[in-house]
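Below you'll find a set of structures to go through.
What follows is subunit A paired twice: with subunit B in the first complex and subunit C in the second.
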Partner chain A sequence: MGVSKLFGDTRALEHIDFRVEDGEFVSLLGASGCGKSTLLRILAGFERPTTGTVQIYQQDVTQWPPEKRPTNLVFQRGALFPHMTVRENIGYSLKLRRWTPSRIDARIEEMLALVRLDGLGDRAPSQLSGGQAQRVALARALASEPRVLLLDEPLSALDLKLRQQMQLELRAIQKRLGATFVFVTHDQTEALVMSDRIAIMNNGRIVQYGTPRDIYRRPNSVFVSDFVGATNLLSGVVGSIDGERIVLQTASGAFAAPKGTEQLRKGERAVLSLRPEAVRLHPGTGRTAEGSSVSGNIAEIIFQGNCVRIGTQILPDATIWAELRDDEADGLTPGDPVTLSWAESAAAVMKEEPQ
Partner chain B sequence: MVRRTGLLPAVFVGIVVVYLYAPIAVIVLFSVTTSPRLSMPIEGLTLDWYANAFSNPLMSTALQNSLALALVSAIVSGAFGATLSFGIVALKGGRMRAALLSASLLPAIVPLLVIGISLAVFFRALGLPQGLFNSAVGHIIVSLPFVVLTMNARLETFDFSTLEAARDLGATPYQAFRDITFPMIRPSIIGAALLAAALSLDEFVVTWFNIGNQQTVPVLVWGLMRRGVDPSINAIATLLLVLLVGLVVASNLVNRKKSSA
Partner chain C sequence: MTNEPSTQSGQARLTLAAMIPASVFYAAFFAVPMVCLLVLSFWTTKSFVLIPGFSLANYVKVFTSPLYQALMLRTVGVALATTAIIVPTAFALAYCMRFVFERRGQLILQVVLLSLFSGYLVRIYAWRTILGKQGLLNSTLEWTGLINEPLEFLIYSNFAVVVTLSGLLLPLAVLPLYSAMLNVPRDHLEAARDLGAGRLHILRTVLVPMTLPGLRTAFAFSFLLAAGDFVTPSLVGGTQSMLIGNIVADQFRGIGSNWPLGAAMAFVVVAIMLAVYLSTTRLIRWVTRW
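Presenting the complex of A and B:
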């Protein structure tokens, strides 16, 4: 399948061109107001792009109304029909398609089983919990077997535990059905956990589109590295580029990193991004064998339960955060001199963005 | 202490309640007493005045006219008001919404006298003779703002994404209205229509200017009053009161039932 679109809406979206493969779980990730919901509504047919086209399975559906499109949408707050029972909600699209009552009933049972709500078919939506309501919304959207399921932050109203459970369930359902899911979220963990590919959006553009691993390990911009996961940023000037290796001159030393996809020239201002969990911490100021290193003094220790975050001041205006297991931080106190080190391959260099 | 501080407010509230309801209570009371004059002491109870009221042939015509006007007001005002209100709420915000809302509520502020006279002049200019039709138009204008207000209160909580959900699931705009919008707002429309009927039943000013030589219950009562207070007027007034209270209570019940579901 190919949803490819290319268009420029006045401000909401600019020049978006992306493709979703058949059976893929793709997330549109971005902060509120970045255009991700607008993009989803264009796919669903509620908004028309100013320019450009939407294609689903090689068919141009740009001018099709929502009811004709092979897409169904799961709304942020469910949007269940309050005057219908759970069964009637799930069966609504099938009734419109003039399925026979016995076929509809069979399908409703199948859907209830899929979302694990057997036995709740006769309830009114007002008698459901938030999680149950979203499952019904999912079942209702899936009942007519849409080729593409669109989900607009369907889990954002649920509490953390339930949300995590629903993430895994959604993912499992998608794999079982082999359907194509396009999922909108502002929660980076959610996107990382569920997706085959993630499209990061900012200011109406897709700034990076790739697998969760790619995006986390090889962010192509300061925005992406900062938005997805926590990161340390050190700015400097590109010193040398040789083959697959790039060296950045910063105020705290020269650091090497693999050459990314971005085109950087020697002498250009650039930023080094380093994930806190890739940073190792050694007491004292001795040099270490591993790739890059820098020394400083511990400024802050933050206990987070499953890990400890340690901020080390390497320059008066620069702090590098390291994430350690709780027991690894035993005996460390603020003020201690330490050496930080990381593997060259753990760092990424990218263009500095004008703020 | 509680008693002492509570006494003055209680007395005050009592006075207000008496002020509000004493005239009504007197009318209801004297509609069932034997004395032909409004005087104490009460000598006996009777339903004669009710029989008397209905034996007047003008009364049954007036009642028919009133009920016909109430029905027309309920249906037309209900339909217009619901459509208008739905459109206004769907606008979500902005100047257009504020302007439309004000425009639809304006007739509630314009003096009835002005509406009555304007309509009379307007219909005369069109060459339409005074009559029930003209009065019906007036009743609809007078009740529309109240229909819009009650509908708006209910529609504020209407989840418009359910309509998008219906479209998304394959419903045409008409099917979405038939299956989702209408069943959901039906109780509000019925409640608002009952209110419109109640407002129409006791409308006098606009009616008087436009009905010509026909009569509704309020117009008839006004005519009878000019010939002196007849106790059958008390009976008519009491009947009207029961009918109106019944309609307003029903209107509230219909709305409440839906919101508690």
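Presenting the complex of A and C:
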């Protein structure tokens, strides 16, 4: 399937052009107000694009109203009809399509089993927990087998444990049905866990579109590297570019990194991004064999349970954070001189963004 | 239950205590007079003197008199016609206030409320100046040349009664409907649409069921108040548009008054109106079943 759209409403969305493959789980990830919900509502048909088209399976549906589109939407707060039972909610779209009662009943049972709510069909929505309500909303939206299922932050109202469980479940359901899901979220972990591909949105644009691994490892902009996961940023000037390697001159030394997709010229201002978990920490100030290194003094140690984050001051105005296992941090105290090192391939260089 | 029993019973006591003033008020000013009236309806009169007793004569008279039957029918008809105008109009207005004007809906609400402040009689007279023989409507129509002589049916007719009552009671129906609409999230209407429902289906299967309490109140306000009104028919109605309320009122004042008969009529009217009200709300529920 192909959803491609060009778009020109300057206030909300600008020149969005993206494609979702059949059976893919795509997340639209961005902070609130970035236009991700507007984009989803355009896909659902509740908003019309000012310019551009929406295609579903080669069919132009731009002018189609929501009730005619082969898409269904799962709302943030479920939007279950309070005056209908779970069963009636799930069967709503089927009855509108004039399915026979026996076929509707069979489908409802199938859906209840899919979302693991067997036996709760006769409950009223007010008798359901938050997680159950969202499952019913999912079942209701999937019942009529839409070609594309659109989900508008359906898990954001749930607490962390339940949300994590639902993420895996949602992913499993999508895999089992082989359905196409477009999922809107502001939670980067959620997007990384569930998606085949992620579209990162900022100021009404898609700034990067790729697999979770790609986006995490090779962010194409400071915005993406900062938004997805934690990162260290060091700014400097591009020193030399040779083949697949690029060297950045910073105030704390020259650091090399693989050449990214971005076109950078020598002498241009650029930023080095380094994930905290890629940084190793060695007591003392000796040089290490590994790729790049820099020394400094420990400024802060933050215990986070499964890991310890250590901030090392390498310059009066620059701190690099490293993420270590708890036992690796034993014996370290603030003020200790340390050497930080990382593999060249773990760093990424990207254009500096005007703030 | 994690609540401690002591706090729970404490809360229950507080709730009961809060209900005392209203209960006392209702008992003193509603329940007691109603019981008195009920007792009175079984009494009789002889040369304007009340005779206590237990007689069904008043009820028999109410049910057998052709005049009262005709009035009762006309009252139900006028009240239903009024309601049929008010409830859909108020529903549409409340819908627009909630879903079209959104924030500015509050402003419209203020205007609607303002019209309630202008007083009952003033508003009836206002309708007279619009519908009258030389009223706004007739003179405008004559001026534009659409008609040559005033339309007679505009004033002193059942038509005038229905129109005036609709104008009077419309704000009372808008209030409960608007507050019911505020409880309907836009998501639910969009969800229905997204699942394939057309406008009529959304109205019937989602919007009406979700605003049913407000609809019921709006229906009760317009139907019951229209059926009980006797000022409007006497000011804008004709000789053929007297309602049962006029006759009931006559039994309690002036020459020829008959309190026990009036009381019996009042109870019959209440019973009939309640029956119509209940069957209509049943009907709404049946129409919107899913």
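Following the convention adopted for this analysis, the second predicted complex is superposed on the first by the 354 of 355 C-alpha atoms of A that agree within 3 Å, B and C clash if a C-alpha of one lies under 4 Å from a C-alpha of the other, contacts with A are read in each partner's own complex, and residues count from 1 in each chain.
Following the convention adopted for this analysis, a residue touches a chain if its C-beta (ideal position, glycine included) is under 8 Å from a C-beta of that chain, and two chains touch if they have at least 3 such contacts.
Remember, predicted model here, so these are calculated numbers, not experimental data.
After superposition onto subunit A, partners subunit B and subunit C are found to clash with each other.
Within the superposed three-chain model, A:W99 lies out of touch with both subunit B and subunit C [touch as defined at top].
In the superposition on chain A, A:F18 contacts neither subunit B nor subunit C. Shared-chain residue A:S126: touches subunit B; no touch with subunit C.
Once the two complexes are overlaid on the shared chain, A:W64 sits clear of subunit B and of subunit C alike. In the superposed pair of complexes, A:F81 makes contact with subunit B and with subunit C alike. Shared contact residues of subunit A with subunit B and subunit C: 44-46, 65-67, 71-73, 75-77, 79, 81-83, 92-93, 96-97, 140-141, 144. The touching residues of subunit B, counted against subunit A in their complex, run 159, 161-162, 164-172, 175, 179-180, 183-184, 261.
Interface of subunit C with subunit A (complex): residues 185, 187-188, 190-198, 201, 205-206, 209-210, 212, 290.
Contacts from subunit A toward subunit B in the complex involve residues 44-46, 65-67, 71-73, 75-77, 79-83, 92-93, 96-97, 124, 126, 140-141, 144. Listing the residues of subunit A that touch subunit C in their complex gives 44-46, 65-68, 71-73, 75-77, 79, 81-84, 88, 92-93, 95-97, 140-141, 144.
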